[in-house]
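In what follows, subunit A forms one complex with subunit B and a second complex with subunit C.
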Partner chain A sequence: MKKIPIKRIALYLALFAGAVVSVAPYLMTLNSAFKEPSQVLTTPAWEPAFPVTLENFAQVWSQYDMAGFLLHSLVYAGVVTAGQVVFSTMAAYAFGRMSFPGRDALFWGYLATMMVPQIVTLVPLFLIMREFGLIDTYLGLILPTAFGTPYGIFLVRQYFRTIPKDLESAARIDGAGTLTVLVRVLLPLSRPILATLATITFITTWNTLLWPLIVTNGDATRVVTLGISALKGQYSSQYHLILAAAALALLPLVVIFLLFQRHIVRSIALTGLK
Partner chain B sequence: MTGKIALSAVVAAALLSLAACGGGDDPDATGGAVTLRYAMWDEVQKPPIEQSIREFEKAHPNIKVQIELNNWNDYWSKLQTQLAGRSGPDVFWDHVSYFPKFSKEGVLTDLAPLIARDKVDTSVYDSKLAEGWKVDGKVYGLPKDWDTIGLFYSTKALKEAGLTPADLDGLTWNPSDGGTFVKTLQKLTVDENGKHAGEAGFDPKKVKQYGLAMQAPTGQQDWWNFALQNGCALQDKPWGRWTIDQPACVQAIQFVQDLRLKYHVAVPATVTNPPNGPSLDQVVGRGEAATAMDGSWMLRAFDTALPGGGFGVADLPAGPVGKGSVYNGLTEAVYAGTKHPKEAWELLKWLTSERHQKAVAQAGAVWPGIPSLNDVFADAWKAKGVDVTGFKKAAEGTTMGYPLTEAADVYNVKALDIFNQVWLGQLSPQDAAQKITTEANAAIK
Partner chain C sequence: MTDNITSVHAVRGHRRAERRLATRVRVVAEAYALLAPSLAGFLLFLVAPIFGVAALSLFDWNLMGAPSFVGLDNYRELAADPEVWRAVLNTIYYVVLNIPAQTVLALLLALALNRRMRGGKVLRVVFVLPWMAMPVALGIIWSWVFDPRHGVVNQMLGLVRIDGPNWLTDPAWAMPVIASVNVWQYTGYTMLILLAGLQAIPHTLYEAAAIDGTTPVQRFFMITLPLLRPSLFFVLVTNTIGSFQIFDTVFVMTQGGPGGATDVLNFHIYQQGFQLFRSGYASALAMVLFALILLVTAAQFLYFRKRTVYDFS
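And then the complex of A and B:
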């Protein structure tokens, strides 16, 4: 006779509730995006869209440069992600494995900048970009975060520290230099954490509103968050269009997550990060 | 090893190519043509404005106009950051609540010499609106549009209560028993058992539809109007001291609180309090309220929420001293630090011209800054079956301008917090009035 696993049932119920709370807003967004404009406001968000209409998507696609916004976001998030993966890895190796005077002070000092709210550095950063003539350019958009962030470097450094030093020593005995060690020994072992970093960076950058708002002006650099945000009027909002645009903006993120999901789960299992 | 080098090469190449394609906006590099940045916040107005600006560009082949649209909140964050960085847009929309600060900081171009030089006829604008933008003989903007407050109603809700639009005419309110305004709102307030507010057995906790919805971060769409109708002046004079602690003002605040907490005819503050409450076109569109006090700039929003004759507009009720509405307008302003003052002035002249404002009015976007074009706007809405002339009557009647004060920042922040508490019943109107008056006056030097 097996006992009914009450604990297990309770656990699954709690997990299910958690899943509903996290997933429901996305499903409601997706669902409402297919509703007629008048229904968006008059029917509950969870009521299935009927009749289903693609009009919102068509309107958002034709009236606004959605394709352009998505492309600009893709360039912005893509380059920042590539930059962060490369430079965070290098910095993490320096902070985690090399020894030089003042290493820890430098690291913790750099990490401490995480505590400074973005809004404080906003105007100075804007002034710097203006001095370099980078206002309303992709370079101005990308530079502040492309060379790594404290968070990314911390993430990778902590992971590097879990890799046994002996592996590296063995490679050095075989005549490998620092770059070879980094690329041939550490990187292959670090794929899960790099995938995690890439995913987190991509999603964060994709969702950033404030910096693009301040530093870009024209349609040629307008990213998708700004495009959607502009649809929000002062007192009224065209929710049918906002929801359709949001649904479109969500798609690339879902694709990214599905691609890297395996690595992310594994990296969490490996590092014990919770 | 090779993999890593290849990757950094890709990054470097990407950065370089982006640098190349991102920097092409420098006007001087494109053979004498100038690109002007024109910043605005209203999505609804953009299409007709853009169309008219294309005509402007045709008439001025050396000028290109780049419209920069961001929503109200983002607009001000961005504008203020860019002005701090001396990189503001060449021409932009200005609002009275930010104007005093801007005029003091010197970020606005004084248009007076240009107006005199080009002999621009400023008598076409309503002087009540244009005057507010003058400081010491300097003119910091020309009127773009105007707005007043009206009572938007759902035709369906009215019909269900057995009322006609005519029943909303000539309503009055008073601080003691609420008058016919409250009586009518009671008829429009229904609980889940079909009982109306004021009836025996009415359950204020289970209301299906409220008579009225109100929402105003500053007071513009709610209590300022009642204050005016009750003989209260918010300030002793323009640019003067706040006088909200006067009895006539406190009574008006009390009345708005009573509509919610005593008469139970207005949507509770838990739903409507700004900045997170849904906008009122949605509240009425969802059938949670039968009417809403809102500004004329909301017409297009109500038309989307309640299409096909689903809504109408009635006058605000009259108070103890009569009728009255807040009357406000935006201006087009030129950035003092613009690199192209000549072209920016040309654009501003176009935006405040009869031709441009007529095109925008025809689209039913906003009442035009030039009053002689008012009928164009009214006719655009008449064609849709909505009579909007009440807004115009309100503008021509007793009005109160948006308060002009150097304490606008402080007032805006404090008022939002203080009055949200009053509407929730957590702060008495008397205490609130005292608090906002003291704190806003303390910010005046």
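And then the complex of A and C:
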């Protein structure tokens, strides 16, 4: 028993090293973004910013439409998230708590498409959007994912199935209809999973590059992934600018993640257990 | 509820059956009403495009004028194109760099965290923090971290008097650097799923095995690994499918370079379809990627099915 502390210390050191590696890129980026432009290249990344300056942020903010990029991403991710939560919940209720002909076949169909790589659908999706005249519009950006994705429906359905049927039957006996049961009985019990779905959807949509790259090309709808990758293409060596821009693109998510981390950590763990 | 009540030829039974039928029709109608929005999106934006891409792959079309039917010509062309073969090999290389490293690291982390310890919950959150990062922003950060002169990596190597390579412009190093972004991003996420799997293994098994005088290593190979198989299978399949679709970091960091060393299938498809506007050819390439993913997934299914899977739930 006397030997254990050495093992423990080694274990903690290894875990600590892993934790440092996990946060280091965030911290170094933030640290460098607060340095004076000339110091970003002349001082090592681990040297703390001194004096601290907001100059880099001010420069990306004024020279580029950073505010616009962030706003466009907020609209894109916000609307997709709202749609995903509402429509996935509706579909999940039908799949998880009702019986109707074609249910299982349809559900398997939904699941099967989760294996299809995204790029497969992009050429036809682009053509569909062009046919509807939706190229370079918010609608074109939003429509493909706003009606609920198979992943979202699966996540909520699995959760709904863990809620006892008795609760629902009691409400039905009191004369509640399907919509009332869904809104009054199931939704209040499903807050954790809905918060998780909303957070994951927002993060994924906020981070999406490929679809916006294909379906938009103007300034009016340019999302932050496109904005900062264009910045990187143009000013690849001006790290003080592009790091400040990267920090601005990352930070909203870090905040959202930390707010909902408890739900997210639990639900990621659950995805592996059927 | 049984549906064969109509076989009872009593009036009351008949009425009841009619009422049941009415309820049943209402339930089905309600179910489809609830499904309608997601079903519409599913059919129009997912199912139709999947069939569309298969059809498009048989046409030659630059998005202007009328598409012309060319049969399997696109497939013949891509089979004879060395750039396509290079893209396939690059993609597989990326997956091979990525998945084993990420899975082994995640498993080690999960084993380390699978005990009661101070700060365990905080560590879990810290390890999952990379998972939500924007790959485009990571591409920018990694380009800086691996910058030959101003990057952290070469600066640290400089401290121990090693002259680091020009990472992203060196054909031998560009792909490993890009893969390292993904390993960094998904190791914590994979760890969480494996950790949940570890925690589902009953303690009594370890206790019994310990009484039988087994070593910890034996217990790992005879208890932990076999019982972790469902979780391992899940992370391997989903992470592999995801890795085959690498795009963002390549787009931001190398644009497929240097000299095509990081030209992966997804990026190649994007270039053919949306920069050169060869939609038919890009569709055929997309079918190839799809087939590749199906093949690898099927192989993983077969490999894991051969081995016993225990279920304690």
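What we mean here is this: the second predicted complex is superposed on the first by the 225 of 274 C-alpha atoms of A that agree within 3 Å, B and C clash if a C-alpha of one lies under 4 Å from a C-alpha of the other, contacts with A are read in each partner's own complex, and residues count from 1 in each chain.
FYI, a contact is a pair of C-beta atoms (placed from the backbone, for glycine too) under 8 Å apart; a residue touches a chain by one contact, two chains touch by 3 or more.
Note that the structure is a prediction, hence the values are computed from the model and not measured.
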item	value
Fit or clash between subunit C and subunit B when superposed on subunit A	clash
Which superposed partner A:Leu127 touches (first subunit B, second subunit C, both, neither)	both
Partner chain(s) touched by A:Ile142 [first = subunit B, second = subunit C, both, neither]	first
First, second, both or neither for A:Lys232, with subunit B first and subunit C second	both
If touched residues of subunit A are counted for subunit B and for subunit C, the larger one	C
Contacts of A:Val183 with subunit B and subunit C, given as first, second, both or neither	first
First, second, both or neither for A:Ile214, with subunit B first and subunit C second	both
Touched partner set for A:Ile242, first subunit B, second subunit C, both or neither	second
Partner chain(s) touched by A:Leu259 [first = subunit B, second = subunit C, both, neither]	neither
Touching partner for A:Leu13 - first (subunit B), second (subunit C), both, neither	neither
Contacts of A:Ala82 with subunit B and subunit C, given as first, second, both or neither	first
Touching both subunit B and subunit C, residues of subunit A	41, 122-123, 126-127, 130, 146, 182, 209-210, 213-214, 229, 232, 236, 239
Subunit A-facing residues of subunit C, complex	27-28, 30-32, 34-35, 37-42, 44-50, 52-53, 56, 63, 109, 112-113, 123-145, 147, 150, 152, 155, 184, 188-189, 192-197, 200, 230-231, 234-235, 241, 244-245, 247-248, 251-252, 266, 269-270, 273-274, 279, 282-283, 286-287, 289-290, 293-294, 297, 313
Touching residues (chain side subunit A, partner subunit C) in the complex	11, 14-15, 18-19, 21-23, 25-26, 28-29, 32, 40-41, 44-46, 87-88, 90-91, 93-95, 98-101, 103, 106, 109-110, 113, 115-128, 130, 143-148, 150, 153, 178, 182, 203, 206-207, 209-210, 213-214, 224-225, 228-229, 232, 236, 239, 242-243, 245-247, 249-250, 253-254, 257-258, 261, 264-265, 268-274
Residues of subunit B that touch subunit A when the two form their complex	1, 3-4, 7-8, 10-11, 14-15, 18-19, 21-25, 37, 41-44, 66, 68-72, 74, 77-78, 81-82, 84-87, 89, 279-282, 285-287, 294-295, 297-298, 300-301, 304-305, 307
Subunit A residues touching subunit B - in the complex, by the definition given at the top	37-38, 41-42, 75, 78-79, 82-83, 86, 122-123, 126-127, 130, 133-142, 146, 179-180, 182-184, 187, 209-210, 213-214, 217-221, 226, 229-239
